[in-house]
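Just dropping this structure here.
Which chain is which? They are A, B, C and D, in the order written, and residues in each are numbered from 1.
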Amino acid sequence: MSDWYSMNVVLIQTTLTTLLLALSIQVPIRFGVFSFAGVGAFGIGGYTAAIAMVHLGWTTWPSVALGAVISGIVVFALGLLVQRLTGLYMGMATIAFTLIISVLAVNGGELTGGAGGLYGALGEIDTGHILAILAVVVAVLVWTETKGMGRRIDTVREDPELANSVGIDVVKYRLASFALSGVIGGLAGGITTLLRSTITPAEVNFHLVIVALTAIIVGGARSWLGAFIGAVIFVWLPTMISFVQEWEKVVYGFIVAVAAIYLPNGVLGVVKDLIHRFRTRQERARLAVLQEKG
Amino acid sequence: MQDLLNVASLGSIYLLFALGMALVWGTIGILNFAHGATFMFSAFVGHLVTSETELPFLAVVLVAVLVGAAIAALTQLLAFQPILKRSKNQHAAEMRILIGGIGVAAIPLAIAQHQTRSSPFGFRSSYEAEVLEIFGLRLSTTSAVVIVAGLAIGIGLTVWVRRSRRGLALRAIGVDAETAAGMGVNRTLLAFGTMATAGALAGLAGALLTFQLGAIAPETGDQLLIKAFAIIVLGGLGSMAGTVIGAYVLAGAETLVLNLNYGTWVDAVSFGLIFLILLARPQGLLGRKEVRRT
Amino acid sequence: MLEVSDLHVSYGPVRAVHGVSLSASAGRVTLVLGANGAGKTTSLRAIAGFHKPDSGSVRFDGRDITGTAAHKVVRRGMVLVPEGRKIFLPLTVEENLRIGGYTAPRGSIEHSIDEVYEKFPILAERRHSPAGLLSGGEQQMLAFGRALMSKPKLMLMDEPSMGLAPTMVERVLSSVRTMADAGIGILMVEQNAEAGLRIADTVAVVSRGETVWTGTALEARDGKAIVHAMLGEAALDGA
Amino acid sequence: MGGAARKRRTLLAGLAVSAVLATVACGGGAAGDSGGGGIEKTIKIAQVQDQTGPIAYAGLGASEGAELAIEEIEKQGFLGDGVKIELQKLDTAGEIERASSEMNKAMGDRDVDAIIGPAATQQAATVAPLVGRQKVPTVFTQAGGEGVVINDYTFRVTPPMESYYEQVLEYLKDKGAKTISVLYNATFPTFSLLGEKGVPKMAKERGIDIVQSLPVQMTTQDFAGQSQQIAKKNPDALVMLLIAPQSVTALRQLKEAGYDNQIVATSVQAAGNIEAAGANANGLVYPVPFSTAMDGESSQAFTKAFRAKFDKDPDPYAADGYDAMWFIARAIKASGDSSREGIRKGLAQVAKEGFTGAMGGLTFEGNDARVDGALVQWQDGKETLAQ
């Protein structure tokens, strides 16, 4: 077991950081805000953490924390600016924000290391640390998914006018989703960077947006659990299908397309369906037994 | 003056690529992420064919147009149509269409990368670009063709969508697909035709741009995709005229930045511009006010 | 002209309609009454081809059209004026009419548009403005006009008076009568039973997914007690 | 810190288990993995490089070169009779994450004695600290950026571009060039370094004026504007530092803009990447660490053997793989020990002395290779040594 662990520790850690990144995109979508600023936050958090370590000589966790705080603030400020936008217009504006972050990094001179990026920022992070941080993040998200809070957020997403009329401050909820997405994205960026020891502008790109989006849609967009399933699938899929060798990417594309067609609510939806069906069958069986007895 | 000509040339490149994407997205509401791959693969097949036998200009274009139409038609038939059929409404389908497109796009990309080892490819054609010199301005014949084709098709499509019976039906589908069906519009067939047309446009763009640039790489399509996305949002979704204007505005902004010799800031400036325009006019330059929620 | 018998329709596991039978004929207004959720709208949509029925049959003009897709049903001469009017708001008034005439021969379109403008002069005045700027009543006129563009033999109407001011209700329903008098068959679902009964020829009452009573409008008006029982108090408020 | 200690413990536990497994599997102690001394009968080398994706050409080329080297090593009995080398290819697919997980897999496999590491700087810089921690000797090819050769376990056989770019400026000086323009992709690390620091410094030393410096981005696809600006200034030569597809377009548009003077480029143009430019590329000069046109004996021998085995011309990436594999083989012979530690010691020793390979004479600065390289000229689909 521990042999397996040491062989796959990178994949395990990558799964966790990918989950954080996916969550930073999923949170605003659950609030009805089509924002990809989480990927920009990933860049800000990563760069901030690397700069704090390389230039300021900070230790691991203060660097990560600084990254999370700064990206939280920046993305919140972005939220104030773009909150009026809807739908894909919001999507475009936040993608523009993300790409601008990348250009800033290219032109950041000594501070950001220019096109070559920053290297040598190797933090002291192990799987336990990431799990602990993730536990806190997930706990917060579970709270936003359950009972009253969950229903209020669903209303904000599905029917903002209704939400306003029943006294839910839609604007406040949406801004909160920006801040939350910024902090989570910043954490993802900081941890990923200090695990790898490097960050370059080329990483903070449209491709990362696609990775995160694909993970949550295929996994399930409405719950953190869906994002988790998506992260597991997309991090482990390449190793699972590496036997097809050079056609790996073809198989990958095929699997993504098939998932989009046949899994309307993602893998999580299928699992929930199966559980539901199983329960109803049990229920029916129980009723049948009762009726026979009666 | 020469700069204006360059803007016209670059803008027409963007426009040719963006038109097909704008047509399907703005009317039948399909944001096709496989458009870049369709574009690239049409040119790639052109490359394969011309490496067997040398072909004249028009023949290469024809091959690419047919391949583009075929890929898009297949995408619609095998991916998007099943998704639409399995979705309760357009809103639920949108995300899945996006992801489905991403999956589909991975397949031709992987094939082309594998075949070319990602080196750039061009055409072997009897056509040789010549440079025209008029009043001291230099313009290659290919650029001239690209400018004329871009403008002609852009204006043609604008007029067609605005004036023709099918164009009207397409716009009606864009507003409310079900009610349009109630008026006798065969949505499936029209969507299929529109996708094939958009694919043909992608193929045309693929052939013309490969002639214009000399060669493209398998990844070129992805880079254009994000620009096209920006152009359509900039111009206003659903407005073909907006797309035409958006393409030249983006090209103008980029050329301006390049001429001031801030080459590394090009993306920041063009996306910053889009950001600002969205803030000032959330529906894009010529977009309609009500934008469907996504 | 239209014979619907023993229609069954379900949404996934929910059986919305189980046993609706209706008929309509040229020049007559058939009013479908029933409480909210009785299955009226579902029946109409199934007849027009927006839902596939589980069983039962829809015969129109002597042909079985059960389960025929909506865009084909229009070509047969039957058109639905949907609940909430569903005008294409960003399109202009005239564009809305043109899309209504999508199935008509191209040569006849201009003439049909003129006819609609004659019937509803208000539309002619606003022909080039976006339909979204029209008032509720004007939008209902436009919905009628749009449906007329396909030269229908039968119009299905789902709550034409919904959300309109009382004076507007009168005008809308009287134009329904006019259309029927011109020879078009009308099958109309209407919550406002009192106003509906004034222009109807025949009445069908649907309750909990089944047709429970049919008769003439006269019988329905006289037999208020029966209808009352079927519909519950709310529906005939003020009657 | 606590976390690090825990990690070390987990790791040790992992190592212990795998050591036991290895012992059991080999029927007792034949395969020592930590300084047991001696050369094993089967030496396993993992090649963790792109086999698919946008830079697959580097990994695929290196695979071919390495296979050729293995064939020669085994045929010669270079490491003793019957000693086999097993090459395990692990695909990084152009992704940093994949690179680090595949590296981890290779490092976790105790049978792997040495690794040929990722060719992209970003991937290499990410895994470099890890191989230092896990003490697995790793030879990188390409990966010309900073942060790659950073500890005793990291080596690199491809010289960084700026180390052999001097000859380009020397060539231009010899040709009598007084003014040059620089057109460079500033978002590509190697080119931004060379364009902003390297070339200006080299030009200044030779009294050449840079009249224009035009940075572009990775996403730039149209060079009409820049071409016209360059044609207007009409410098004696143009230094063009662009990625493969950009180069093809720029060459065409420069010609169209009427610029006909000398253009010099980079090794990116090698491996047939410039073929798509057709006649527009004629006369283009660029430096390469390896070319089939190179007239050195060892280079010629490599080219000949490669053609015989694969029925095509070797590209510089094949030369990388070939030299990397020979580097490792020489290291094993030098230390007489095919364990990880033995190979590391051997690599350091061979690096001190240098050796002759496909790229000609390789010398090392620390663990980082330097070669003279060659300046080649492209003419009608063929490279010839630039005169």
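Of note:
FYI, contacts are C-beta pairs under 8 Å (C-beta built on N, C-alpha and C of every residue); 3 or more make two chains touch, one makes a residue touch a chain.
Small disclaimer: the values here were computed from a predicted structure and weren't measured.
Chains touching both chain A and chain D: B.
For chain C, the chain whose average C-alpha position is most distant is D. Contact counts per chain pair peak at A-B. We define each chain's centre as the mean of its Cα atoms; on that basis chain B and chain C are separated by 42 Å.
Averaged C-alpha coordinates put the centre of chain B at 37 Å from the centre of chain D. Spacing of chain C relative to chain D, judged by their CA centroids, is 74 angstrom. Per-chain CA centroids place chain A at a distance of 48 Å from chain C. Across the assembly, chain D contributes 52-53, 186-187, 217-218 as residues in contact with two or more other chains.
Touching two or more other chains at once are residues 106, 246, 248-249 of chain A. Across the assembly, chain C contributes no residue that touches 2 or more other chains. The touch graph of the protein chains shown belongs to none of the named shapes. Chains touching one another form the pairs A-B, A-D, B-C, B-D.
Taken in their complex, chain B has these residues touching chain D: 2-3, 6, 9-10, 13, 110, 113-114, 117-122, 129, 131, 138, 140, 143, 213-220, 223-224, 227, 255, 258-259, 261, 263-264, 266-267. By the touch rule above, chain B contacts chain C in their complex via residues 165, 168-169, 171-172, 175-176, 178-187, 288-290.
For chain B in complex with chain A, the residues that touch the partner chain are 31, 79, 82-83, 86-87, 92, 95-100, 102-107, 109-111, 113-114, 222, 226, 229-230, 233, 237, 264-265, 267-268, 271-272, 274-275, 278-279, 282-284, 291-294. Note for the complex: chain D touches chain A at residues 1, 3-4, 6-7, 10-11, 13-15, 17-18, 21, 51-53, 91, 93, 96-98, 100-101, 103-105, 108-109, 121-122, 125-126, 128-129, 145-147, 150, 186-189, 191-193, 217-218.
Of all residues in chain A, only 2-3, 5-11, 14, 106, 114-117, 119-120, 122, 124-126, 128-129, 196-198, 200-203, 235, 238-239, 242, 245-246, 248-249 touch chain D in the complex they form.
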